[in-house]
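Have a look at this one before I ask anything.
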Amino acid sequence: MGSVAYPLVVALWLLPLAGAVLCWAFGPRLRSACGWLAAGLVGVSFLLAVASWGSATQNLGGVLGAHQPLVSWMPGFDFGLLLDPLSLIWTFIITGVGFLIVFYSIGYMDGDRAFARFFAYMSFFMFAMLTLVLSDNFVGLLVGWGLVGLASYFLIGFWFERRSAVAAARKAFVINVVGDVGMMFAIFLIVANVHSIGFGDVFAAAPGLSDKLVFAICLALFIGAAAKSAQVPLHTWLPDAMEGPTPVSALIHAATMVTAGVYLVARCAPLWNHSGSAQLLVATIGGVTALGGAILGTAQWDIKRILAYSTMSQIGYMIMGVGVGAYEGGVAHFFTHAFFKAQLFLGAGLVIHALHNEQDIRAMGGLWRRMPFAFWVMLTGVLSICGVPGFSGFFSKDAVIYGALQHGHPWIYAVDIVTAGITAYYMFRMLFVAFLGEYRGEAAPDRAGRESEHGTHAPGWVMNVPVAVLVVPSVAVGGALMFGGDNSPWSRFFAPLYGTPSSRAIAVPPISEGVTSLVVFLTVIAGFAIAWQRYASRGAQADAPARLRRETERMPAVLTNLFYVDWVIERLIVRPAQRLGELFGRVVDPHVLDGAVRDLVFWARWLGTLVRSFQTGLVRAYALILVAGAACFVVYYAVAAGLR
Amino acid sequence: MLVLVTILLPLAAGAMLFALPREDRSVTRTVGVAVAVVVVVTLVLAGTSEWSFRWLSRPFQAAFHFGATPTSFWIALLLTMVSACAIAASRVARLRDFVALMLLLEGTMLGLFLARDLLLFALFWDLMLVPVFFGLAGWGEHPATAWRYFIYNFAGGLTLLLATAAFGVIYGSTDVIGRAVTPLVGAWAPWIYAGFAFAFLVKTPVWPLHTWMPPTYSGLPPPMVAVVSAVQSKAGLYGFLAIGLALLPHAVHDYATPLMALGAVSLLYGAVIALVQNDSKRIVAYSSLSHLGLVAIAIGSGNALALRGALVYIIAHGLFSAALFLLLGYVEEREDTRLLARLGGIGWKNPKLAGALCIAALAALGLPGLAGFAGELLVLIGVYQAGYVWPVIVALVAIVLASAYLLRLYQDLMNGPEEADVPVRSDLNWYEALTVAPLLAALVIVGVYPAALWHR
Amino acid sequence: MPVPTGHYVALAAVIFFIGVLGVIVRRNPLIMLMSIELMLNAGNLLLVAFARAWLQNAGQIFAFIVITVAAAEAAIGLAIIVTTFRPARFVDVDDVRSLHG
Amino acid sequence: MVAFWMLATILIVSAVWTVVAAKPVYSVVALLLNFAALAVVYLTLSAEFLAVIQIIVYSGAILVLFVFVIALLSSGVAPFATGPNRLPKIWMPAAAVVLAALGFLISAIAHAPPATAPASGPVGSQGVFGSIADFGKALFTVQLLPFEVTALVLMVAVIGVITLGGEQMREAGPRAQAATDRRMREAILREGKG
């Protein structure tokens, strides 16, 4: 199977790394060319991915896709690349959307004093992400997993003179390491039982493993997935990660990295298929995250944080989708989400850029007149994310929601529908507060972000074109690919991997797909109506500043404190660990352990003093001791002889 | 013969360096670096060739028998590499004497790792303490540290010597390292093992015998502590591999649980303390305690995969701890302090320094793709395969803690707002960069292809 | 009637212990040195007695060597006494405490 | 037998006298007596050569050396043992142990089996045990190496004495001189009071 070589796959994998190294090593000399270099290499990578379509979907000797072995540590530890339909989809998003975002960043980051470093990090991130999705084994996956975490750490902490950015970066990294550790444990379980790290070997052996073991493996893997995909309770890093530059948020914390968990579950579908309880667990966590993220999203004022919570919530949907077993549904939602969420973030970036880094929607308002392009971009994005029929989000979300029912999880189905309504509420809330009414901020918004904060002339088209390009798939890709149930191009694309959706359905849904769509649409309308009533209606517009202030004051503490998850982690884990460190470092080490040694020294001294007292310096005393000792021998032998 | 040259060259050069003029710093460093580089070459050329000369025939057979085993070759290579980098990076007062000590240290440690005779091993064990003692006494911060180091390790050397003598008398020969021998069994075996183990545990160090280590590591000048933490601390682990497991496997197996427990305690204890330290060198010192606990666990498990991983991790730890100490030395040299509380924001003006420190710290925290991860992964897979679950879980917790304290170290030095009272100094120049570049490159290579260590 | 060897042994023991007591009790280095000579002679007596008992002249040879050693020892000892106490012009070993720990 | 008891009495008495004598000169005289008696004992044990050596080396050389040193050190005025007795109190139990050991030893000898009687055989005459010829032959053939080593020992002793004497040649520092003078005055005053 290794006889066929796939240089294109290797090349598309390594090109971003080359970009990263070049930007890092020659950044100061290349200056602004860095951006073009990085974007160009990622673009070439995308073209190579397109060119690899044929090999990725082929079925050669029982192996689906293009498999390229690289190195082997020892038998069972073989590393290689695998480009199959699933990783192809991810590769498209990573390189395609990635290309657009890098292109956009050339404008957004213009004038930043670490311009080259930014593009080095972005390219490195893409390399890491490609490593993650192209690996044909668990360790390679984990390598990508860790590198992605590192790239995310770099990018969150990109403006590292800000203490908040540094802290956010550290938090993100440490929580991601928790996930890595979970995956490592899964690898231990796998290697101990299967003696191989290759996906093929493991999935082939999966039916023979005991239920408990498969559940344990899935659980450990899902710890990794949860950390990376910001699932409850490992989600707290994601909102803080918005400290990074906005394109970073678009690329990493919306389009690609955070969906790695979805990829993992979709990739390990053969394992999940063998453990119903693991599926239930994943679906439940996904549901809780979707609902929790949506609820928290209603309480935010920072435009990027609203988008972050919506991301968390949408990933909850995806996780739910892959969790219940509707893999192509979850992946479809990932696919469309990547477009519309990138679009939303980049649109928000336009606003933020224009408003000199103002992110609070309370200080915005009325922007649709000043920045119509940004408004339309945001509006299409919001419509898509809410699942308004016809937009991409509608098809993918529908697939997830209906999938839950198809696989016999009515509760999750219900949670999905409620969450859809809440999503509509907070997304429209953001849109209305930021774009309608009167401008409430102090900074005068420049038209469409023509002027950057540094006063230099930013090439506006560099930022606008990628956003405009993104609008197309976020509106149309769903309708084009995902319409038609089992016969849609999407389902047929994944059929070699998963079979058709309806063939795997285990329950006959009492409600048809059409009805489901209608119900979802109605809840979305309801959410929209509430948002309209509260923020966009004539009455609401009249005294907007006062109402917003009142709402800020009355916001429930449990929401502003984000359900106290951070608080609990701080109290239960971080502080006890620090206290323990203080105890060990200040008390145990110097006083107990070293104290024991010092006691030893003390007694040695004492013994020395004791013996020293015999050293009187008197020759006669020495003679006396000597003779007494000799006499003792004599007495001993005499007594011994006498006894004998 | 070449192996003998490898050992004697640094010793002779170190001794002869004292004849050079005291003031001429550049000549001293050139000679030192040249010798260190030549030693790397001769070591590679010597490979696993052997040289032997009969020494004792009563009360047991012993020989001046040198030669690398597949395991010790890599550790010796690590040693020569780190020594070359460290000597190149030496910029202390009384440079001539310091470089001479560094060469003597390298020579004695080469003797230790290349010894194929237990008695030679014990001899070099004690000899290698001497240069460090003088390093601490002459360049350290407190003379008591030197004595503490010496007495602690010399006590270990004593039990090592006793165990060696007992082994020789019972087995009849000490010319046994790297040779297929019938394992020693019987009532004496546990006691002999205890003698060896005490020495090894002190040297590594493993909790609770580690209290000499933080002051030693923070007191020594950076080049020497790089060598000591990178390689000298491996003497104990190498001893466990080449002596404990090879000669007394039953004893190691019987007392595996205590060894693993000590390793596990070290792992957590070192990590938790490193979390709150303020002195950057002490963070790395305690991280060393934590990291080497992992190798102790691997040895206790006795699993073949874990032992492979242990070798990888030994090399990896040598590389990243040497790099960390050298880089922290550069930081201290620039800013005259190594307290985290007083440093910050150096990365803006020193991007190369920050980048290098970042790579070293990432390798230390086990970033996938770098050497530390490869070792960690193989060790833990092996330990898990051997049926020990609790050490694996402890190690995983320690990995999370490691990411926290190493990022804290890196970020508090390099990130954050620039400290107003920290003078702005120039970035790493090409020479300084060259002193750490080989270590960082090796970290990447070993991380991607650790199989090189056992496919040789 | 030949004298039993045991008698000689007992006699040697008595003389030896007298010498020992001399070393311990007296503070005059000269007398201490003489007491040492007494002890050496007690030893010699034993050697000679046993040589006679077994008709082996090795004991006598040994005694001879002891005498030479005693001579050397006396010479050195007296030299030390002279060097040590000559400047002091009085003689008390308890005043010499450079061995004090 | 009678000769043995007489000689033993002389030996013990002279030994005790050596130890208890107030002045070293008396000790030397007692020691001379002791050595002479010992020489006679050697004769009775058929160690003729040793008896002669005993007289020549001990009485002739060593004791003369003692007398010489006494004359050198105590030129009439210097008292011996001027300071307090600094022997630790432990000497009393130690002496008890020593005496007990002596008692044990003697009782053990007294109860020893009669096998300790000397072997009988021709002694003293030409060519047999105890004769000077026999002794000399052994000394220069079988025991040549130890004999030669004694030469080495003596040479070392000579070198040592010369070294020590050389030190003696150097003048004692004025401070040491003053200190000894002061202590000597104190000692004389103390004696005057006593």
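In this document, chain identifiers A, B, C and D correspond to the written order of the chains, with residue numbering beginning at 1 in each.
Simple rule for what comes next: a contact is a pair of C-beta atoms (placed from the backbone, for glycine too) under 8 Å apart; a residue touches a chain by one contact, two chains touch by 3 or more.
Everything numeric in this text was worked out from a predicted model, so none of it was measured.
K.L.:
Leaving every chain except chain A exactly where it is, which of them still form connected groups?
P.N.:
Chain A out, touching clusters read B | C, D.
K.L.:
Return the chains shared as contacts by chain A and chain B, ordered by label.
P.N.:
Shared contacts of chain A and chain B: no chain.
K.L.:
Indicate the whole-number Å distance between the mean C-alpha point of chain C and the mean C-alpha point of chain D.
P.N.:
4
K.L.:
State, to the nearest whole Å, the distance from the C-alpha centre of chain B to the C-alpha centre of chain C.
P.N.:
60
K.L.:
For chain A and chain D, what's the span in angstrom between their mean Cα positions?
P.N.:
Centres of chain A and chain D (C-alpha means) sit 98 Å apart.
K.L.:
Centroid from C-alpha atoms only, then distance chain B to chain D, rounded to Å. What do you get?
P.N.:
That gives a centre separation of 64 Å.
K.L.:
I need the residues of chain C touching at least two other chains; which ones are they?
P.N.:
Correct list: 20, 24-25, 27, 94.
K.L.:
Chain B: which residues touch two or more other chains?
P.N.:
Expected reply: no residues.
K.L.:
Can you pull out the residues of chain D that are in contact with at least two other chains?
P.N.:
In chain D, residues 86-87, 91, 94-95, 98, 105 touch at least two other chains, as defined above.
K.L.:
Applying that definition of touch, give me each pair of chains that meets it.
P.N.:
By the stated definition, chains touch in these pairs: A-B, A-C, A-D, C-D.
K.L.:
List the residues on chain B that touch chain A in their complex, please.
P.N.:
152, 207-208, 210-211, 214, 269, 272-277, 286, 308, 345, 347-348, 351, 355, 362, 365, 367-369, 373, 377, 380-381, 384-385, 392-393, 396-397, 399-401, 403-404, 407-408, 411, 414-418, 448-451, 454
K.L.:
Which stretch or stretches of chain A touch chain D in the complex?
P.N.:
616, 618, 620-621, 624-625, 627-628, 630-632, 634-635, 638-639, 641
K.L.:
Which of the residues in chain A come into contact with chain B in the complex?
P.N.:
Chain A residues touching chain B: 24, 71-74, 77, 117, 139, 142-147, 150, 153, 157, 160-163, 166, 169-170, 173-174, 177-178, 180-181, 184-185, 187-189, 191-192, 577-578, 580-582, 584-585, 589-590, 593-594, 596-597.
K.L.:
Per the contact definition, I'd like the list of chain A residues that touch chain C in the complex.
P.N.:
611-612, 614-620, 622-624, 627
K.L.:
Mind listing the chain C positions that touch chain D in their complex?
P.N.:
Spelled out, the residues of chain C in touch with chain D are 1-11, 13-15, 17-22, 24-28, 30-31, 33-35, 37-38, 41, 44-45, 48-49, 51-58, 60-61, 63-65, 67-76, 78-83, 85-92, 94-95.
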